[in-house]
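These are the structures, in structure tokens.
Both complexes below contain chain A, partnered by chain B and then by chain C.
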Partner chain A sequence: MEEIISIKNVVKRFPVGDGFFTALQDINLEFKKGEFAGLVGPSGSGKTTLLNIIGSLDTPTEGEAIVIGKDISKLSHQQSADLRNHNVGFIFQEYHLLPVYTVYENVEFALLLQNIGAAERKKAVMEALDWVGLTHKKDSKPDKLSGGESQRVAVARAIVKRPAILLADEPSANLDAENAHNIMKVMKKLNEELDTTFIFSTHDEKVMQYLDRIVHLKDGRIEKDEMMKAKYGVHGAH
Partner chain B sequence: MLTFKLALKNLLSAGLRTWLSVSVMAFAYILIIFYNGMLDGWNEQAKTDSIAWEFGHGQLWQEDYDPYDPFTLQDAHSKVPKEVSEDVVPILIRQASIYPQGRMVSVMLQGIPRNQNLLELPTKEIPKSVDGSLNVMIGTGMAKTAKLEAGDNVLMRWRDKNGTFDALEITVAGVFKTNVPAVDAGKIWVAMEDMNRITGFENEATYLVLPKGFDHENIAGWEYHSLENLLEPTEKIIASKKISGYVIYAILLGLALLAIFDTQVLSIFRRQKEIGIYIALGMTRWRVVRMFTIEGASTSILAAGVGAVIGTPLFIYLANTGISFGMNTQSMGLTMAEVIVPVYGVGLVVTTIILVVVASTIVSFWPSKKIANMDVTLALKGKVQ
Partner chain C sequence: MIKFLFKGIWRDSTRSKFPIIIVAIGVVFTVTITALLTGVFSDMIDMNARFSTGHVKVSTLGYSENASQNPLDMALLDVDSIIENLTEQFPGMEWVPRINFGGLMDLSDENGETRGQGTATGQAYDLLSKDSKEVDRLNLEGALREGSLPTKSGEALVSQKFAEKAKLKIGDEITFFGSTMYGSMSFQNFTVSGLISFGNPALDRSGFIIDITDARQMLDMQDGATELLGYFEDNKYDDKQANVIKSGFNKTATDSTNEFSSVMLTLKDQNDLRSLISFADNMQQIMIGVFVLAMSIVLWNVGLLGGLRRYKEFGVRLALGESKGAIFRKLLIEACLIGLIGSIVGTLLALAIVYPLQEYGFDISGLLPETAMMIPSVYRAIITPSTFYLGFIPGILAMVLGQALSGIGIYKRETSKLFKELEV
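Then we have the complex of A and B:
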């Protein structure tokens, strides 16, 4: 499979008081196109930091993070915005929907930034909402949605632009078990149909059981990198 | 265009927060335009009235004449030059005193041709004086000061051309109303033929009021004063009022801009997650800065619309009815109508809107530029930066 993300000797330090806190230490990882992988570890293990670097929301202090052939450290603000706009979708723990927009408009937003024509935009948005089963809620505002519905909108918003990579930071943290499973099923289906690379940051067992690969992080280091198909057998067994 | 649309949508979706800022700014617009319209209206009326009642379209002053130095009046008179046409209105001034109710009041006795048409002064209404009597006309301000009414007789003393004191009981034949204190306060108007008779001056004048289009070639012994020159003191007074107007303008604008600035600071503080989402979704930081700046600046554009809706009928009404100050403006010594009709020029409105929009764009940009240096990962967590 084609390599889509390459993390080499990445170190990330944050200034704390007079010193530094090392969030990531000597990380070396590769992700291939179409992977359904997760960064797993306790709070403070560095999984969100690594996800942010992959999504070009942050840069490594040392080492290099190559995402779709682009070195994150060397991108300008414009180039990094372009990378996120066209190639990376985000799903956040708190959904992060834009409160003043309807479901439809939230999903449409990413396409507006790509200057896609109205007709094509509408088709893509309705298709994305169909994937997550929310076409009937397209005119609702986020404050009228349940947690599960909000996260499905976030998935639709992330997937509508057909990104090569989709980064999901604790996507099930605010969901009950049923909604967590539902959202994971939706994402697994999208992964299989669209061949999008999914990388999760999680410590939720409900999420982990869907993953094909789990990278265990602890104190900013990779503790273990395991392929899960062997462990769970069939995808999505639960 | 997309950034503008998004900004406008955000702005309108913000509800009460937006409408509070818009209301404050619309109020500022209306007050700024109202106040300046009043000053411009006063200015226009003062000019129009001064031209109609006092200045004509320029004046020729006898070379010794200084309106601010009464000691010059004794000698400030000369024969009306032959070069001037008959349309010119000669005015001869002599110092005099009147004694109403036993008090002495210093006045300027002003001779003017009865049949002149150049000035609004109702000189035609001064009756011909017969049998040595002297009919005069005074303004309402003078009448009030001297406690005189039409039909009253009062003793007047003056010097004739030889410097000899002379006295006569004069009759106040009429009282006219004017907005121009300069032709009213301390002035007694008398027909030139009577002036000539009582002073002994023939065909002499202290100054000449000129008609429109007068070609002011140099005339020996006379100084030309253009209309602009004559209006200068009035304009200076109004300009000084405008300075106080600018202070009010600045205060109102400052309040309105403060509302926008506060809203922006609060927005950026409260909407950090939203800012993080925009950037995560692929907007550049500067595009987000631009969007927030447009949001702030659009407040002033919306306010202009709201101000127009509320202000236009109000301004039209005021421009038709004027505003009465309910006091004797004569006592202020300024050319000021009792009812001022505000003038709301396109220039005033457009300039105000442009100024407010530019200023609000600047105060919107100022806090918004913080976004450019924001840590997106912290913004997404909603951490205060």
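Then we have the complex of A and C:
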């Protein structure tokens, strides 16, 4: 199984006042293509910080983070934007749909950034909306959607460009149990069908049930890295 | 992508409404004031051309140097042959002789006794020739308040103001005392045929208008004129053309050692018009500059407020793989679009204001100071081709400048900080 993310001896410090706050310490991790993994830990343990480094929105203070063969620390602004544009999808706790645009346009936006032609764009957008079961809401504005629907649009927006990696930061935090399960099932299905690598950050038991692997973080360090094969079968078995 | 941005602007009225209004206001001011300035100055040029300067003017060197004193002894002679030469040399131009003169006006009562006297300046125009355009050019029909225009030799028009002061009526006799161009005493009786008022202090100061043939006889200047005014065929002043004609004429005609040799001046050479016109041009530029600056500052702050609200959106777009540079560029494109919309709205509004000002103008004759300047008493705007695009320059420039200044914040922030806006 090919390695898609490789993190070696990563340290992340944030300047605070006169000194530094160490948010990540001695992180060594590898993710393989098609993994459905989660970062779990208490608030402040560094989950988001680590996801941001993987998504090249931030760089490590020390160590090396290689994502799809690219060293995050060495990318220019433009190169890291390109990496996100083509290879990384983000899903947030707060959905963050662009409020003035329709569901369709929100999903389309990711493809517009890639200069994809109109016909191809339309096909991809409709397909993505179909995956999340929202084709009938394509002309709605985000403020007319429920939380669950909004998060599904966010999933469609992230997946429409078929990224290799999808990073989801507490995607279920604002959802009720039913919607949380729904969204996880959708993502699990995409993981299996498209072989997309998913990495979650979560406290949520409902999310954890679906994960093949859980990396436990505490105070910026890896506490435990466990495979959850027993529950859902060996990942990547398909 | 532009379409996508346009949709965003169109739908997010809180983001775009205020800037559009500001841009539109600025554009309305710029366009209206410019059209008005253009109108007033072109009326001013036109008025000067008609009454005083022509598009070009020929006189003797000595006369042109002391024109305000009307030195009759420096008048041009052999005017007919001068006109003939000019017509040959510069086909298409029209040349008209005029005489400006000064003297005493004497009013007598029924018994022939003098009941009043005053100094008067007079103008002699070709009023009686059949093909003369002077009556139209000077708008004498329009300025006539009472009576009629002279129809025969010996009749005169008198300014209404003067007539009121002197209790003159139509049909009264007045006597003009002056000196001939050779310095001897001359006097002549005229019948008042009409009273005129141009509604303009500079024009109404002159007392009295007669036909040029009468003046030539009275002033003993057969075939003479104090000045020869040249007009372009289309009646529009063209500075470049005027200068070509001027240098062509002066090269052979002017002899700086001979004050009786003739010299040609362009419209701009006279009545301080050159500095006035360049003052107007500068004013216009300064005004547009001030508007751009003021609007930019307002729009900068509007952009800052809107930007804070949009940091979240920028965060999402960064996550979706847009670079900071691309976001900034799109902000500028958005600014162009908003500037464009504002400019279109502003230009349309301005046209709505300017159009009636062009058709009717507003009368400021009541406000006009007693000035020697020929300023039109009705302010009229003029819609020129530039009226349609001029507003777009400050409109778009200010919006882009304001947006660029406020958008620099994106560059200043680290990507991860912008992204942090996404967290709650």
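Note that the second predicted complex is superposed on the first by the 230 of 238 C-alpha atoms of A that agree within 3 Å, B and C clash if a C-alpha of one lies under 4 Å from a C-alpha of the other, contacts with A are read in each partner's own complex, and residues count from 1 in each chain.
Keep in mind that, in the parts below, contacts are C-beta pairs under 8 Å (C-beta built on N, C-alpha and C of every residue); 3 or more make two chains touch, one makes a residue touch a chain.
Only a predicted model underlies this, so the values are computations on that prediction, with no experimental measurement involved.
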Exercise for review: Would you mind checking whether chain B and chain C clash or fit side by side on chain A after the superposition?
Suggested key: clash
Review point. For A:A119, is the partner it touches chain B (first), chain C (second), both, or none of the two (neither)?
Key: neither
Review point. Who does A:V16 touch here: chain B (first), chain C (second), both, or neither?
Key: neither
Practice item. Look at A:Q78 in the shared chain and tell me whether it touches chain B only, chain C only, both, or neither; answer first, second, both or neither. Key: both
Check your understanding: chain A residues touched by both chain B and chain C?
Key -> 48, 52, 55, 57-58, 77-78, 81-82, 84-86, 90, 92, 94, 96, 98-101, 109-110, 112-114, 157
**Study point:** Residue numbers on chain C that touch chain A, as the complex places them
**Key:** 1, 4, 7-8, 11-12, 312-313, 315-316, 318-326, 415-416, 419, 422-424
Study note, to complete from the structure: Interface with chain B, chain A side, in the complex: residues 48-49, 52, 55, 57-58, 77-78, 81-82, 84-86, 90, 92, 94, 96-101, 109-110, 112-115, 157
**Study point:** chain A-touching residues of chain B, taken from the complex the two chains share
**Key:** 2, 6, 9-10, 13-14, 273-274, 276-277, 279-287, 376-377, 380
Check your understanding: Which bits of chain A are touching chain C when the two form their complex?
Key -> 48, 52, 55, 57-58, 77-78, 80-86, 88, 90, 92-94, 96, 98-101, 105, 108-110, 112-114, 157
